[in-house]
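Labels for the chains are A, B, C and D, by order of writing; each one numbers its residues from 1.
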Amino acid sequence: MSRALDAKPETTNARADYYGRIDKFHMAPLWEVLHKLLSHEPVTQASPHVWHYDKLRGHLLESADQISAAEAERRVLVLENPTMRGESRITEALYAGLQLIMPGEIAPAHRHSPSALRFIVEGTGAYTAINGEKAYMERGDLILTPSWVWHDHGHHGDVPVVWLDGLDIPLVRYLGPVFAEPYPAESFPPGHEAGDNIARYGVNMLPFGAQVPSQHSPIFHYRYAETRSALERLARSRDQDACHGVKMEYVSPATGGPVMATISTYMQRLPKGFHGATYQSTAAWVYNVVEGHGKTIVGDTVLTWGPRDVFVVPAWCHHHHKADSDSYLFSFSDLPIQKKLGLYRERRGDA
Amino acid sequence: MSRALDAKPETTNARADYYGRIDKFHMAPLWEVLHKLLSHEPVTQASPHVWHYDKLRGHLLESADQISAAEAERRVLVLENPTMRGESRITEALYAGLQLIMPGEIAPAHRHSPSALRFIVEGTGAYTAINGEKAYMERGDLILTPSWVWHDHGHHGDVPVVWLDGLDIPLVRYLGPVFAEPYPAESFPPGHEAGDNIARYGVNMLPFGAQVPSQHSPIFHYRYAETRSALERLARSRDQDACHGVKMEYVSPATGGPVMATISTYMQRLPKGFHGATYQSTAAWVYNVVEGHGKTIVGDTVLTWGPRDVFVVPAWCHHHHKADSDSYLFSFSDLPIQKKLGLYRERRGDA
Amino acid sequence: MSRALDAKPETTNARADYYGRIDKFHMAPLWEVLHKLLSHEPVTQASPHVWHYDKLRGHLLESADQISAAEAERRVLVLENPTMRGESRITEALYAGLQLIMPGEIAPAHRHSPSALRFIVEGTGAYTAINGEKAYMERGDLILTPSWVWHDHGHHGDVPVVWLDGLDIPLVRYLGPVFAEPYPAESFPPGHEAGDNIARYGVNMLPFGAQVPSQHSPIFHYRYAETRSALERLARSRDQDACHGVKMEYVSPATGGPVMATISTYMQRLPKGFHGATYQSTAAWVYNVVEGHGKTIVGDTVLTWGPRDVFVVPAWCHHHHKADSDSYLFSFSDLPIQKKLGLYRERRGDA
Amino acid sequence: MSRALDAKPETTNARADYYGRIDKFHMAPLWEVLHKLLSHEPVTQASPHVWHYDKLRGHLLESADQISAAEAERRVLVLENPTMRGESRITEALYAGLQLIMPGEIAPAHRHSPSALRFIVEGTGAYTAINGEKAYMERGDLILTPSWVWHDHGHHGDVPVVWLDGLDIPLVRYLGPVFAEPYPAESFPPGHEAGDNIARYGVNMLPFGAQVPSQHSPIFHYRYAETRSALERLARSRDQDACHGVKMEYVSPATGGPVMATISTYMQRLPKGFHGATYQSTAAWVYNVVEGHGKTIVGDTVLTWGPRDVFVVPAWCHHHHKADSDSYLFSFSDLPIQKKLGLYRERRGDA
């Protein structure tokens, strides 16, 4: 790099005086900040971090003593990136939180322009309803509540249910177009029978002549049982990727693209002993471990993980995975935002 | 709106204590901030504002005494939104600045992942070169330097030349993927003859069998003479839009879409006496007046404008235009970002 | 309709003489044929027809005595539309045939630019291999061999296996771009394990970062067991279409579009007692009955059908379905050709 | 090629007898025709041919004595490919004809599902009106009347006007979806002022917020003056293509794709002395010479051409161009049909 983009011209007295005079016109000299605005490579504010589920689980369950789901609207502990505290975000563009729902509780119906995913961490018997159609949660399931669809949560079972929420709230708030509204009645009317979305859209068929949404998947429930068996199968029959093992993206059957306009989602399988090659991308990645133990080395930071742990790999960080046992990792990313805006890059190896 | 999304649960002592205990796990209660994260409608941080060119021109020209184009890399006065000072932005996602180049000066070649437009405000004889192909500037011309193309500016004429820069720097920095590099040699080698891009792509034809970029226009010079005569012509032959008069978007001939992945650009004509209907959109709009005098009323704020003035209409603000004379307004917007992410909305009338 | 497009100007002696003189220049008067070239509505050459499987089965099986699969390359009886005999087509653009393979036989590997589908009519134990990956056939399965992929058929079982072939050969021959070649070696090398395509692409996931074909589905085996259970499920939970009952299109998970560039494929369920509303489309439809009995009334023609029967509904014919028992009908169509070329129309009711 | 796809199994007596027995079921043995259906490479029915305008002009003008434009509906001499006489086509999928209109005549308004282009060969003063908006014809202009738009022709000048018609009638008739209707009233009401489509869509801008058709260009008049000057300009500043010289495709500003769903159009410039490399494509090409003299060698056939001549290069024929003087050649092709259906191939050189 030459001096040009890295260095700042000297702030002489004459210049300082000038800056003062133009300030009242709401103008400022670009050359004082250009070196900060245009970096050679991405500079991330976020840090790599792992939330060990065993250590935080007790605190999470305690939230049920502090507040009901109904009073909280959504009883969630936000996972705040350690170097971006107070900003309700886990990476620059993404939000993550752990949501708890207790038997018999209801989290009331609302809708909002930010898109949300829920990845089930523990428990059974709870559901998310989309436009009144219920998706019953099992460990490892992915459930979507895309932008502006009505959704509520409830619980017909008898154990606490916890899931990881992933949203694009930071980005949508930054850009501006946040809309939200509670459902105007007591409860949302029942919709299609549970599982209808999978029967209708999840078998590589689409209704003849129907208009299917193009910005998000018409499926909103991706079951772990099927996801896992597909990955296990592929692990047998195919060479895995040097960086990612066997990594599959959940897609919309209507487009083959990401399940929501702003967030892409993945499940990957690392076999016992896997030692991945280095990878970096301008997207950031939030992981939840479904099965297995291992480490992800992000630059100089070693993130050691086991079942139910959440960890984050910030943008443009060199990282690689090691698996101590056959491992299944769910992840989500802001990759589609960057792809659509022509900004996505990735690099393999330690270039 | 019910209480649910607008109000925050009470912060009891027990809860405050709990928040303290989970804080060290980098966790925070969503219900304390949910009402701020999810607003009923967009809440913009930016304010409507007009920069009157006559008042600031002297200060702008003085910048040439303070620093050379070469030392500054780009000699630009950033137009900072009055309620977002110090952030180098004019709206949430967009940057604007006035750039000055003096006869004989050179602004050296570099490239960066943010996309830039230049709209010529005054003067003649300067040029922008894209990959070595020069576009000579005239008042009202639009010149593009899209993401990651090499570009430099120079000046063969004898009067100061000023243009309005519009970039997506705030968004790209927020998301993360900022890349930049200076051209490694003294000067960029000459490319195609000036005007080549217009001959090749600007006449409703494309080279047979060629790969044309899909994320930005292959044309990088849109001349005002042609833009203006098209609008004048349409003003004769067609009813105008109640909100916008005759408003045309500059498009890429390869896609019919916006000229760059993140920024869309427009020229509109308001006839003398035009009194527009109210309009609001989740996109924000930065205007530069080419010809004419009038007012834009943004909520309670009246922005009075004349030739060369720059004004900004923040997202989701009700606004309408009034023209005292036949007026030509250039504008740019973050609309394509929101469209691609499924977040764009607009509303006509005072709903 | 006025006279203009329906009638032909008189052929006077002077005109006839003139036509003779221009003939040697390979020119002919449009006005003598315009009324035939431009019809008010589509005029189809094809006729509605049903092939009753019970009546033809014996003849089909006899083909095994006449010729081996290897000698025939493909042992198929072409279903020729009764009013287009000798043209190897069942509708204007589509070809259909019944292919027989006997235990132990092999139909050698080749590839061709026309696209093919195989819908299994009877038997078990045979397979189609695509690039060496086998798909084992069961009654009601859909197997694809899209344009230019290597494929061969074989049989590890012990009963005759019959399937319905559907191809776009007539169209491709009409347009011109027919390419074909036999595989140069004795046999095609083994590819992925059977079922790999379904594990990789059939579970609403796609491999991260992989290039997936966009002109045809990466899945080439759609199993009836899953298709049927999805339709049965939807029949419970949803109002059916007045014309089509519950009708689903097989789609490519990479695009949400048709499984091949030129042919779309469907399965529909008509409940016992269904009496459909009238429908017509510019596409033509070839049906194979999987289960059930009923009638399809095409204009004045009544096509009575039961299991394994094949019937054809030509383009733009008014038709409606009646079901005497719960019925499952597979169909394929040239609809995507017409959609892509901007020519498709459909009409519901007896307009 | 092995024997498999090229040869036909022997027709034994037993087989012949069998074929007779299955014939009444409307079934026929594929293996008797497979070698004809699946050729190694495309086999075209069309021949290369040139229509020398000087020789046929007298005959063409005589048509005005034989019939009026009104009586003929369209007074056109169809250019029939010499090896496909009586089929009203110049290549497999395309129709071409020379249309004559005399001063004061009118060719009445109608619309049809086939798409049409008109390329002006001689004369001035005539017009085509699209939905009532007139396009005044000059030598070398391209005028479009896409599928299902109302159009009529008239003549305000005082010399005969001749243009080349290009349509997709053969394909649309083959597929089936031909619709046509005359305008129900005496004359079509006046529409936008002449040139409106160019002002609105032809300057690399599109109306803000408007819906623009996606299957054909919103521009329907491409003027030769602009086309020619762009090509002349490019000939100065850029290396030409070894096969095509400088060849540009007319595109829709709304998509960057072909001007109509089924037909693409081109203008190419060959400099004096050009001796092109060999080229072949699965598309067929119909040329009209605007300026210059030269030869196109198609296999063993030499087509010698000069101004106003029409010549045809059938699909998959090796061909190359030679220019004796600076030449401008218009052409149209069925390439977009084949591209959309995944069937297009091309090859450069004598492979």
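As a working rule, a contact is a pair of C-beta atoms (placed from the backbone, for glycine too) under 8 Å apart; a residue touches a chain by one contact, two chains touch by 3 or more.
None of the values given here were measured: they were computed from a predicted structure.
Q: Specify the chain most distant from chain D by Cα centroid.
A: Computed centres place A farthest from chain D.
Q: Could you state the distance in Å from the CA-based centre of chain A to that of chain C?
A: Distance between chain centres, rounded to whole Å: 43 Å.
Q: So, what's the distance in Å between the C-alpha centres of chain C and chain B?
A: Taking the average C-alpha coordinate of chain B and of chain C, the gap between them is 52 Å.
Q: Where the centres are mean C-alpha positions, what is the separation of chain C from chain D, in Å?
A: A distance of 30 Å separates the two centres.
Q: Tell me, which residues of chain B touch at least two other chains?
A: Not one residue of chain B touches more than one other chain, so the list is empty.
Q: If we use the touch criterion from the header, which chain pairs count as touching?
A: Taking the chains two at a time, the touching pairs are A-B, A-C, B-D, C-D.
Q: Would you tell me which residues of chain D are touching chain C in their complex?
A: 1-2, 4-5, 9, 14-15, 18, 21-22, 25-31, 33-34, 37-44, 49, 51, 55-56, 59, 62-63, 66-67, 71-82, 85-86, 88, 92-93, 97-98, 108, 110, 112-115, 147, 169, 171-182, 184, 215-216, 261-262, 282, 284, 315-316, 334, 337-338, 340-345
Q: For chain B, which residues are in contact with chain D within the complex?
A: For this pair, the touching residues of chain B are 192-193, 195-196, 199-200, 202-209, 212, 217, 219, 222, 226-227, 229-230, 233-234, 236-238, 241, 244, 247-256, 266-268.
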